[in-house]
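In order of appearance the chains are A, B, C and D, and numbering begins at 1 in each one.
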């Protein structure tokens, strides 16, 4: 069974990577939020915005997630800058 | 020149002393808020409510006043229990 | 006028809107509404009467507002306190504070309420099944106001 | 429903009144309204767009409200946050908290705002004379939320 994820990008990160969301088949060796972030950051132009860990937040299934949190098939993973609502 | 004061009483203290206000010619030896309070407390029935210092607040000319604050002719002195608004 | 002492009720939405009306520098409005509850200190309360000290009341509230203005950078402040007869569910007091940011607005609003509770000459008389009674001052209110440090002359006449 | 995320404006007076409507145990309603300012970080701001993460936004706000309910004895809570295009002077957010006494209402209202500022997935984009820009997160907001101690999982993905 293939491991498929839905990945979302918001705000300045959405603009940097040039898309709002994508379906992703997870490559070998990517089992945590942080590993997914590193994998995506290596895609090249624009995607290196994901490598600036201090300015990137992540959510797994719509809850804030640490880099070491594991990911599973069917997850919805989101990357975004620190929030500025209110 | 006689030294005349206006004295006001509020809430439970007003009920205890049986009046809301009075004009008072100050007796000899009464020069502070605390001395005025002690003088009035000695009037007898009802007035001893003024002797319960913990439960009596005072104002001089519409500002909260300590017992040792001096008083002058023409002053408006008020005695009342701790406030409970809001 | 930023301070009103009145028998009439007030319009909370209109008061909050007025704090930022016609200006675009307000980012934060913190506000407080105090209401008559139908129970207090273990007794049911069917009605309340608020006595006050006309003249000193307005002066005390204005001094509290002025002190808040010295402690925080505020853009607008509004205080309304009712007196007279009130029923459970009725509004007693409104405090609204407008500032650029939320920290100062919240702090000033709570500061004004804490000082009002211990420095503004209002007295509540409750109607209970056991008869009418004057509400006792709460030790917790003295503690609350103590957080803010000294302001002018202390209140005790001892 | 205690949490709403919407494009539409809201009626502050009606929201505050609703927090104590039909009940007589509410003694204190603390509330907060956040507004768009016409200047930020030294630039004038002519318009703002609020992006959010539909689904997570509601969930995050509901969790913040639930956490406030665990920390304080509250009688009613209401949170409204707008998204989309907003002009200076427009309302962004409303938080209202009803309790028996003012201490818990003030604390919970400020707590909810502090957490919302750092945990709810909203992002502001400002239109300035120098062009559009995403608003940077404030260090002071991280500091403000730090006062309340830990809540669930931390936000950093590092």
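Note that in this section contacts are C-beta pairs under 8 Å (C-beta built on N, C-alpha and C of every residue); 3 or more make two chains touch, one makes a residue touch a chain.
If you're wondering where the values come from, they're calculated on a predicted model, not measured in any experiment.
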What chain lies farthest away from chain C once each centre is taken as the mean of the Cα atoms?
A
For chain A and chain B, let me know how many angstrom lie between their CA-based centres, rounded off.
72
So, in whole Å, the Cα centroid of chain B is separated from that of chain C by 25
Whole-Å gap separating chain B and chain D, where each centre is the average of the chain's CA atoms:
49
Would you mind listing the residues of chain B that make contact with two or more other chains?
86
Specify, in ascending order, the residues of chain C that touch 2 or more different other chains.
34, 102, 113
What are all the chain pairs that meet the touch criterion?
A-D, B-C, C-D
In the complex with chain D, residue positions of chain A that touch it:
8, 10-12, 33-34, 37, 53-54, 56-59, 62-67, 69, 78-86
Looking at the complex, which residues from chain C come into contact with chain D?
11-14, 16-17, 20, 23-39, 88-89, 100, 102-103, 105-106, 109-110, 113, 140, 144
Flag every residue of chain C that touches chain B in the complex, lowest number first.
34, 50-53, 55-56, 59-60, 81, 92-93, 113, 116-125, 134-138, 152-158
